[in-house]
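Quick one: structure below, then a few questions.
Letters A, B, C and D mark the chains in the order given here, with residues in each chain numbered from 1 onward.
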Amino acid sequence: MPQAKGEKHWIIPDGYIPPASSGSLESHESVCVLNVSSEEALLHFTIYFEDRDPIEDIPVVVPPRRTKHIRTSSLAKNGASIPAGVPYAIEVRSDIPVIVQYSRLDATQAENALMSVVAYPVK
Amino acid sequence: MPQAKGEKHWIIPDGYIPPASSGSLESHESVCVLNVSSEEALLHFTIYFEDRDPIEDIPVVVPPRRTKHIRTSSLAKNGASIPAGVPYAIEVRSDIPVIVQYSRLDATQAENALMSVVAYPVK
Amino acid sequence: MPQAKGEKHWIIPDGYIPPASSGSLESHESVCVLNVSSEEALLHFTIYFEDRDPIEDIPVVVPPRRTKHIRTSSLAKNGASIPAGVPYAIEVRSDIPVIVQYSRLDATQAENALMSVVAYPVK
Amino acid sequence: MPQAKGEKHWIIPDGYIPPASSGSLESHESVCVLNVSSEEALLHFTIYFEDRDPIEDIPVVVPPRRTKHIRTSSLAKNGASIPAGVPYAIEVRSDIPVIVQYSRLDATQAENALMSVVAYPVK
């Protein structure tokens, strides 16, 4: 039985959904999670802003032995979601260890730009 | 009461404000800080150069349970700020643990380029 | 005799082979490995997907005192390889410590985009 | 007297000097070092390749309380330097702790692409 690996708590300070797209691709961010274990991982996302209270504890499930690449625009709770064009930050908590990476594709211009970081693991 | 998480001391060796912009976006860098705690965080930035003494201890406040995405061009002390087109480095000290990420948008050309790193935590 | 340095287990959650290329460069990803030791390193790659079982234990050799920049599209086992345009994740195990970085060149548009991360070391 | 911070040994597996430039910027890589201490730091770079022996121990000095952004194309020893268009890897050793980040500007196309990582600290 493959064991869970990684950490249970991850932080991404630089979140931003580009408000515009042009060219053939759409601007978006992905939070990419890998669950190497034979158990399901239950994650909770908290979204922090500069000028308002956080959106807390949005649940996401990652099946055993699977990756999930989660579009941040799909995260929602009680009708609240992340607005485009606003600086924010992401906290991910998981009930078992997982590994988390964040990537952004900015297609504001016709030609796209990419950035990626492995999230900061809180130990 | 949510507890502070992260580290109190962070380093970003590659700072550079692109001197030119074209297209619809402006070249800039952001130092993105997340304070997950219920207390205010008081940060001090020190800016290092290749050929002159550092600009020391520029204060920045990050409110409780908030993120702040700080444009490096806004950092100033006693009339001294970071010139564009010059290689420099950033040191961030905080009175409570926070998490720090650095991102650069280079819009020198009409189409933009992005890079990002989680800052190096000094432990 | 130079000793092995780094870790034996590395994770990259955000794998994606862009399906299209235009301009003078071809879209691709590289897993870049450095073996500083005087012994050969034997690596095994496992590829995780969102909706199907992993491709397990694809072997790769990195000679002593050499780097190897491995195109993910070249990884294959029993006729199975990584399809383009599909989100996936990468696990690298090595019999001796090595260091692993992941980079993607996206040339979907005529102008290319780059992203890179040092892989997450499992300790 | 400010104390040295960081690590004495850093690795960057993905080195590559793009062979071509177009547009207003030149393709290049920078190894960005910060020395926060009041002492000079003496670094030695070793360059690893896929198919030949390393170039060992290229010396670089970083003055006290300064950053240095080193173009990899400037690294040379006994007439040997890093060829463009060839995959390689970088090892940095320092006599006192420093912090190391690696960034690449690819201007192969008219519009540039950027990537950056904090180097891997060997502890």
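Operating definition for what follows: contacts are C-beta pairs under 8 Å (C-beta built on N, C-alpha and C of every residue); 3 or more make two chains touch, one makes a residue touch a chain.
Please read all numbers here as calculations on a predicted model, not as lab measurements.
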{"item": "Label of the chain whose CA centroid is most distant from the centroid of chain C", "value": "B"}
{"item": "Numbering shared by both copies at the chain D-chain C contact, with half separating same from different", "value": "different"}
{"item": "For chain B placed onto chain D, the superposition rotation in degrees, Cα atoms, nearest 5", "value": "90"}
{"item": "Distance from chain D to chain C - Cα centre to Cα centre, in angstrom", "value": "22"}
{"item": "Averaged-CA centre spacing for the pair chain D and chain A, given as whole angstrom", "value": "31"}
{"item": "Shared interface positions of chain B, touching two or more other chains", "value": "110-111, 113-118"}
{"item": "Interface residues, chain D side, partner chain B - complex", "value": "5-6, 23-25, 30, 32-34, 36, 65-69, 99-101, 103, 105, 110-118, 121"}
{"item": "Complex contact set, residues of chain A against chain B", "value": "9, 11-16, 48-51, 53-54, 87-89, 91, 104, 106, 108-111, 113-120, 122"}
